[in-house]
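Presented below is the structure to which this report refers.
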């Protein structure tokens, strides 16, 4: 039995997703793993500051806001990782000399906010109608002190974890890790195990995206 | 016929692609996955020695100095016997014209955070050993990693400097006095070396696409090469146990990732010998 | 500690441990009781050995490293590079230089926060003043030269009582000037002559009230406030172009009040700089030039 009522190590918390939650943004979404919730907004393509202008593609402006307190190095790294992921997904070259702004606001943090941020950003870009090569799905996994692999750990589980891994996969090619960020101490075998489980979990999230989108489009 | 330098400035992407297509690097290094160690660990005969600290100079042309300062602080009430290890990476404007004398930007902060993620907790050092008096006083180790010359691949260089400095750090015997509530130590005393459990080595690989669309990795990219890569991946390996201590990366095929991990392990073993 | 959200945070406050209480108290003989000679046995006009080299920072147009006593300074020069059109004020005047001096967090005994300290600003400004006359900026219109200095170590770790941090201006300014000028030469920027810096401590004999000087004071000599039987009253730092014998910058502080003595002190510094130039700086310059060939 896991801390938040889950029965299986490889079980995700209940997923939640909604589109168009902000009225002024070009696209927005909310994504949650249980009580971990992230709000993402997308503006763009819009005007870019001359300093940041790229002549052959759109400039991605990413900002990550914490649940409380000031943002720090943690959030800058999250921004950099998100930029790497989104740059590869978005067809930025069809909007040269413009900016696409993605803002991530954490609204509830019970572990795995980075994964939720990736998922929310991907959905918000979809909602804004920004052309993308693929959709991204991300999950976080952790090895507990006994070496058991836990999918989608809560904050409490993360506290005692031996190592934590965040994997992102795209829906176009699951032989390529779209993004990975691991910390803690772990062996190569553990890493491979985490990667395989993450691959499957990301497939679940991708089908969840599809279901949510179908529900949204169904009444129209 | 265009002069190579001009060509490089005008078409950086194409310039590097032509080299890489032939399996050669612009700076004369051969091979892509072949590991190249161009590393000097300079024991500081004339660079540094204040308090409890030390410097290291590292890979290629990066020049990095890591100074470790030990100070005394009150421990966190939740962890009364745990010391602090505070790594910070700084890119002052001296190390390259792209760095401005302003507050640290996204790049600097994210490199700091990556180093912090690798060394935080009890990963490197049993922080309990930094305890002077439970609940009253612990050591704080400030590891300030300053780049003097930056030419790409920041994380590897920063980690290398950090590891070298930490291994060299020696603390004085500290005495806590209940009456005064102060900690005293002989400034010239250097008798306690740290019990460094793991020695993290970073190995960064640049991922680039070949003509056919196949993805390849090259070890230790320079800053010029970084500009034309599609992404990069950093693997941190413990030189002692060969365990992994962190991976950061994007756009890596799974099998290439395995290759990178293998190379990183080899490299950690090679560096350890130095 | 001021809140700095852009760095990895440590505890809110931390301290350098106090020195041990001396158990057996053999009355610590302060060096001040020595009546003759300097703490390290140098003559009054003798400078400490100085190490200088160039080409340390490959990214820069020119760079230099200078070490004297416990002070270690790296300087890198970037440029000349064009000033952005929006910042060009008039098209007739020459180029300009910007000086930026930074203390590394680990440079002094107490860890320095990343925020700039007033001493760093004052060092930058004084350095700017001392370098300006040596450069032919009229030849570089609409361009800028950036001079960045990183102070790796600001004091000798063993020689100083841990509670003291000298307002290190006089100790640091001289090596900064020497390093910056070397780096400018290494960057092959036109100048009248290389500038060499030297400091001088001024002391008063307590019995006769007469002033006397000591060239190239160490932090210890200033900190103990007494030397060679005198009491420390002030400091003087001079930047000199030794080949043409011109003073480019002069910073003086303390209770001196004797113009004739000031003139004498400056002259002594000029002579000391000439010596440093002859022995060390020239060699570094020749090495730099040879490496370029």
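We call the chains A, B and C, going by the order they appear; numbering starts again at 1 in every chain.
By definition in this document, a contact is a pair of C-beta atoms (placed from the backbone, for glycine too) under 8 Å apart; a residue touches a chain by one contact, two chains touch by 3 or more.
Remember, it's a predicted structure, so these values are computed and weren't measured experimentally.
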Identity of the most central chain, Cα criterion: B
A-C against B-C, pair bridged by the larger set of C-beta contacts: B-C
Rounded Å distance between subunit A and subunit B, as computed from the means of their C-alpha atoms: 27
Inter-centroid spacing, subunit C versus subunit A (mean Cα positions, whole Å): 51
Between subunit C and subunit B, distance of the C-alpha-averaged centres to the nearest whole Å: 31
Multi-chain contact residues (two or more partners), subunit B: 109, 112-113, 116
Touching two or more other chains - residue numbers and ranges from subunit C: 6-9
Numbers and ranges of subunit A residues touching at least 2 other chains: 72-73
Residues on subunit A engaged by subunit C in the complex (per definition of touch): 70-73
List of subunit C residues in touch with subunit B within their complex: 6-21, 51, 56-60, 67, 70, 72, 74-76, 78, 81, 100, 102, 104-111, 114, 146, 148-150, 152-153, 155, 157-158, 162
Complex contact set, residues of subunit C against subunit A: 3, 5-9
Complex contacts: residues of subunit B adjacent to subunit C: 46-51, 53, 61, 63, 65, 67-69, 71-76, 84, 86-88, 90, 92-97, 101, 103-104, 109, 112-113, 116, 140, 142, 144, 146, 148-151, 172, 174-175, 182-188
Residues of subunit A that touch subunit B when the two form their complex: 72-74, 76-77, 79-81, 84-85, 88, 168, 175-188, 191-192, 195
